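Each of the next two complexes has chain A plus one other chain: chain B in the first, chain C in the second.
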Partner chain A sequence: MPKYGMVIDLQKCVGCGACALACKTENNTQDRAKGQTFNWADFIYKAEGKFPNVKFTAMPVLCNHCTDAACVKACPVTPKAMHKHENGMTIHNMERCIGCRQCQRACPYSSEDVDKSKAAYSVISFNDFSDEVHPFYRDKKEVVAGCTASGAEIAQKAGDIPPHRTLYKHSDYASVRVAGKVEKCMFCEHRVLNGEQPYCVASCPAGARIFGDLNDPNSEVSKALKAHKAVQLANNKGELLKPGEKGTQPNVYYIRGFKVTAKKA
Partner chain B sequence: MLQGKIINTMSNTADAIAVDQSRCLRMRFNKSTCSECIKHCRFDAVRIDECIDIKRDACSECMLCVSVCPSGCFDAKATDFYSLISRLKKAVNSVSSPVLGCNERVDLKAHERTVCFGFLSEDHIIALSVFMEGRLQINLTGCADCRNGFIVDTLKKRIGNIAKNTSLNVFEKICLVEDGSELYYQDISYDRRGFFKAIKNLTFLHASEFFENDEVMAPQSYSAKKIPIKRDLLNRVISYKKGDNTALLENYYYTVDINEDCNNCFACIGMCPTGALKIETAGDGRELSFNTSLCIGCGLCEGFCINNAISIEKGFRGHNPFEFA
Partner chain C sequence: MEIKRRDFLKVSVAAGAAMALTGPSLNAFAAVPKPLAGEKVSGSTDPGKWIASTCQGCTTWCPVEIFVQNGRAVKVRGNRYSMQNLGYVCPRGHLSLQQVYDPDRIKVPMKRTNPQKGRGVDPKFVPITWDEALNTIADKMMELRKAGESHKYLLMRGRYTYMRDMIYDAMTKIYGSPNNISHSAICAEAENFGAFYTEGMWGYRDYDYNKTKYLVIWGCDPTNSNRQVPLFIKSFGEVLDKATVAVVDPRMQTTASKAHEWLPIIPGQDGALATAIAHVILTEGLWNKEFVGDFKDGKNQFKAGKTVDEAAFVEKETSGLVKWWNIELKDRTPEWAAPITGIPKEQIIRVAKGMGKAAPNVIVWLGPGAAMQVRGGYSAMAIHALNGLLGAVDHEGGTLGGAKQAAEHMPKVDKYQDDIAKKHSKMQKIDQRGYKHLPALHQGKPGDGVVTNNTATGILESDPYDIKMAIGYMNNFTFSCTGAQRWEKAMEKIPFFVHITTNVAEITQYADIVLPAAITKYEKWGFVKQKQNRHAHVSLIQPVIKPMWDVKIDETEIPFLIAEKLKERGFSNLYDYYTHELKDPETGLAPRNAKEFALYSVKYYTYPAWGKEDGAKLGDKINGWEDYRNRGVWNSKPYEYKKRWGGKFGTVTKKFEFYSETLKKALKAHAEKHKTNVDDILETCKYTAKGELAFVPHYEPPFRHGDVKDYPFTFIDYKSRLNREGRSQNAPWYYEFHKVDFGDLSHEDVIHINPADAHKLGIKDGDMVKVTSVSGSFIIKAHLWEGIRPGTVAKCYGQGHWAYGKTASKEFGKTPRGVNNNEIMPFDIERLSGANVRNGGFTGVKIEKA
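Right, the complex of A and B next:
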């Protein structure tokens, strides 16, 4: 059995956001609203210092598919809605989820409300009980009054919500979520099972994302981890796990972090 | 007589219990300790671990699990209680005191038959006593020789509770007949047309039951909100019965108390299996609101709330039990 993980090369990553957009199209996630990001692939952006001594970091973030996943431990239903697959992925079963948000509370990389907690991101987002998903494509108001179409009109012409919906099938999750359930990155298991790479990996123009089997010493991820000193995130504030610290045993690694310093003239 | 017999045999479908695991309180909340079904099963047939299972060989089909489960996880496949009530009501047109029998003993006299009477919860019996115009006789004359004979005591206890808890004249309306000489049975004579109509209805019924039986019980989505038939029956009773429902509301309904520690996280809404809790917009804020008629008093919300902000009590003290407040 493989144990899937990801390595992100920070020196290759240009912070372009292609992965985040790719994920939104592949997984048909809705727009950020009411403290929920709905970004399965997201970023920690940090600007520090004072000109000209500034440092800007863009760190791609996603579900860490933790080995000791806090979300899974917290899920109260049986069999767990948030559960581990043998291949190491943390997968959410939509059928069994009751929307109690215990997973969101427990995951160190998630916040119940990113606006209130001022968190950079949240791995798990929640679809409110009383809101329909993709409100933008249900709204009949023209985007620019008297000039453009409305979201609802586009969806109707395209015949789906969202109009660009990627149709895929998976035994645990649907390609579009419903009200009253959480959602998060699934490592694109629906693609991986077909021998494809997760869509964020496939669309990164810089080749900064490496995905593969951490158990296989010859896989690209294992080679990268051998060649470089890797770090793991400890939470969604951008703090890293200290050497020896295990946390929830995240399976997303970052290599080749860097610091840019202005050259003294 | 022969005609009656044909009809009875035809309505005697294969007996089985459908399990909808998504309704089980233990499946929903891993800290729930509910074990009503296990406690009441005399044959150790119910198993709950990663799923719920009824061991078919061990099960005697006494239907006690069906009637004790607070959330409607089990369903006696061969009974549609609503149509049973309406057929019994119809029988009152022809006979003064219809007899309800069981599928196990088709040799005993009855106007209508159903699965083992163990499925009659207090709520079912209340509904029968309110909706039936005449007196209903339950034919228990075969129970003494039946492996499920213990349900007679259960029924007596349930009827006793109803008499104690409410002012319903349940002893007069529901008559448990254990001694064959006390059974008062009048034949319903079918004329030709009536007979063929009855056959037609029954084949139709049979077909739909057969279909249901054959269907692999697709597990309901855990998030689907559904009240069990018991709660629905009582809701029908209190909206149908004019006059004072205080005793019913006091003994069979629940109220949640939400205290000031509630920080409106609304997680309990997901936990509640029936939809009794809901978000209500109040001004520009949102708050938790509650509907007594949908609450089964399972206590999941209380056990689940991490702020200890919610507790349940017996009874209802508001104005309209059917409204969210």
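Right, the complex of A and C next:
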């Protein structure tokens, strides 16, 4: 059985946002609201040093699909809504979820309110009980009455919410989630099951994301981890696990530096 | 948020109800966990089809494919057949989905019912039929022609495809006006000036960076813009391993943050750095001998401060090296340049030597930051001339020209021009190009280049005449041109304005008739030509979904509909041209309506790529129209290295010119036209050079609006990597992802101030500050950022819309969301090329705590 993981090559990454925007088009996540980011793929940006010796780092982030997943441990329902698949993925079952947000509180990479906690992102987001998802495409306001459309009208004309909704099926999750539930990155299992790469990987113009079987020594991820020293994130503030520190055993690794480290000619 | 008991109960009740209907599948509170191993995990994407088209979010013009499910566009990727982007798109590619499904798109033609025009004045638009809109337009056009004033008709072009010829060129010329004004000079031309007056190519260079050993990026950020975005992103990680990368930019942008060398130059001092690098390359004997030649005796006579005998050096592919040295370079030492540029002498020498040692596998990538300056023409030449010194031009791992594209050109219009058209289309254009102070030396011809931003001057001053009617398509000059406030006044003055647009933009607020346009990439026919990765392409734009609303194609359907209306009114020349000249190349059938015209004209233009032998000879072999529609792109064979070596450059001498005989000829022609000399012309154009200096790349001190005493900070403008040319700001994703612009914050519009400067002014991160220039003033949030040179402040361009839609503006039609840089940067022009000025530290600002 494979154990899926991801390696992100920071020297290749240019922090452009294509992966995260592609994710939004694949997984139809809604706009940011109420301290939630809804970005299954997101970024941490860090600036250090003083002019002109400034170091700026971009780091793509996503669910770490931890081996020792705190979110799974915390999930109170039985069977668990947040659970591990045999392939190593941490998958959320939308139907079983009761929206208690204990997974969000337990996950070191998540925050109930990213603004209040000053976190860069949150792996797990929560769709509020009181609101329907994608309010942008339910709004009826026209800027020029009778002449321009509205969110509700364009969604209705296109035939879905969001109008660019990518339709897919999965036994645990829907292509658009519902109110009163949490949601997060699923490693695009609906694609991986059919031999495709997660959409952020397939869409990264830099080729910075490598996805594959960590148990297979010949996989690209294993080869990348063998060739380079890797680090893992400790939390959603951008701190890294210290050498020897296991944390929740995240399965997303980072290799090389955002700024080139090779010698100058 | 803590979970509330009430919410829990709600779910429990819902869950209970659901359970009663569907049985135990929703057993959220079941006591015994279901064993995971027994569960069948399944998943798949619903059926859909990838359809080819072209992205026009920037001028990379990426061949793309769009995934369509149930008639909806849902995902975007690079075209797998493209030799340019190799199957990938940048963030803009995905962002475009929020444009086609923009809630604020215009659904129907509209007319203005409030005669008063001005910023913040509600036009009181009401919906009308296409017929009424077109009749009104045709009546106005006929009225002007009958009055002998067809030249008072103005066509303003914005984002285009190569079907532009139909509305921009043919319609204007056959109708009888000289005034087809493009947007081109808003953000280019000065860059092309640099390449043209050295190597004779008015166009963007291609770059062979996968084989380069030294890459210098100068005044641009290729991971964000400058016509090769996905390919550069794809290659950059490996280029960093194989080559040394140096970035010249006052602001630490993406490429600078990853590079080996960052040269945070004082804005506008690019010419000083370029000439100093050239000086080092020559004094160190590091020029490329194969391209440039050598001293007869093989001994380097380039010594600082000493002139050299021209006869001592024998040039090969170049012309005027010793002249350049004697007139300009001999005193341009790194010691001289260091205090002017703010770059340490050691770094200038290190970079120059590194470039010299890597020659000829070197790229000096000239971008708009170093060219779109008041005195940027010569900086552009100086920077590009380094490629000549290093023998990098048309060399493997260097800068390249473009391969031939298999596409048709516009059929001739002269047969269809009546006497009125012939006479009036040759009159002076409204942008005043060719006036003494506006040489606009496009391709060596005085008065030949567009001076887009000066069109407002012509309109406001009614010089050479007053404009009575204008049509604009996919342009928004009241937002996109510096000194934007002038355009508001100019648009108020035009009595009848038609805007063809997808959204109610700022300029639309001045329109009398608004025609809703199809969205490029998703809803229309067109094609584009571009080059990168040594391959040129001819990429198709085709409808991948049914248009969302009652919209039409700006460049083909709309002019055809106008032509029909003009024919009804007794003027059939335009209709005759469209129907006689733009036939379906396969069947020979003439278009009978606008829809057929849109299709046949695109087939006519792209026919060489898929229907004729030319295509297969020059590149991909494509088997007919259906095959082309499926593939979406034709690629040329790779551009040949050294193609223009051996005296085939497009200059007067046919060589790469360090002493530009080409510029000399053009400047002299312009001076003669105005019965004066070149010195006088340069002074009129705000340049300082005298005599022979006018003909070589040289240093010019930057020109600045606002003196340092009153406006101590220098304002720097840069573009968001999410800008789809000013058209993505109504997309929520634009704000959510703004942090991908390094140093910027999502959902904010901020000005970057170096912490040292901020500290002196008592400004803390997040404070509101008042920024004032000679042009305008605004209040904005300050963001302290080390990635900006002290003494300069930087702000991202993109936000500040007061119209465009409810996401783009704070209060539609009234209050902007964020700040438009074009209202703080004053109007100015690089007069030799006609380019709009946006860079080079030309805007001084005062910063105060608000």
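The criterion applied here is as follows: the second predicted complex is superposed on the first by the 250 of 265 C-alpha atoms of A that agree within 3 Å, B and C clash if a C-alpha of one lies under 4 Å from a C-alpha of the other, contacts with A are read in each partner's own complex, and residues count from 1 in each chain.
Here is the rule we go by: a residue touches a chain if its C-beta (ideal position, glycine included) is under 8 Å from a C-beta of that chain, and two chains touch if they have at least 3 such contacts.
A quick note: this is a predicted structure, and the numbers were derived from the prediction, not measured.
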Which superposed partner A:129 touches (first chain B, second chain C, both, neither): both
Chain A residues touched - chain C or chain B, whichever exceeds: C
Which superposed partner A:25 touches (first chain B, second chain C, both, neither): second
Touching partner for A:101 - first (chain B), second (chain C), both, neither: both
Touching partner for A:191 - first (chain B), second (chain C), both, neither: second
Footprint overlap on chain A, where chain B in one structure and chain C in the other make contact: 77-79, 81, 95-101, 112, 128-129, 180
Complex interface listing, chain A residues touching chain C: 9, 11-18, 20-22, 24-26, 31-32, 34-35, 39, 43, 45, 47, 49-52, 54-58, 77-81, 83-86, 91, 95-101, 112-113, 126, 128-129, 136-137, 139, 141, 143-144, 146-151, 153-155, 157-160, 162-172, 180, 189-191, 193-194, 199, 202-208, 258-260, 262, 264-265
Complex contact set, residues of chain C against chain A: 1, 3, 7-8, 10-12, 15, 25-34, 36-37, 39-46, 48, 67, 69-78, 85, 88-91, 93-95, 97-98, 100-108, 110, 125-127, 213-214, 223-224, 229-230, 233-234, 236-238, 240-241, 243-245, 252, 254, 257-262, 264, 354, 357-358, 503-504, 548-549, 721-722, 732-733, 736-737, 739-740, 742-743, 746-747, 754, 756, 785-790, 805-806, 812-813
Complex interface listing, chain A residues touching chain B: 76-79, 81, 95-102, 112, 128-130, 180-181
Residue ranges of chain B in contact with chain A within the complex: 22, 26-31, 50-51, 219, 221-223, 265-271, 278-279, 304
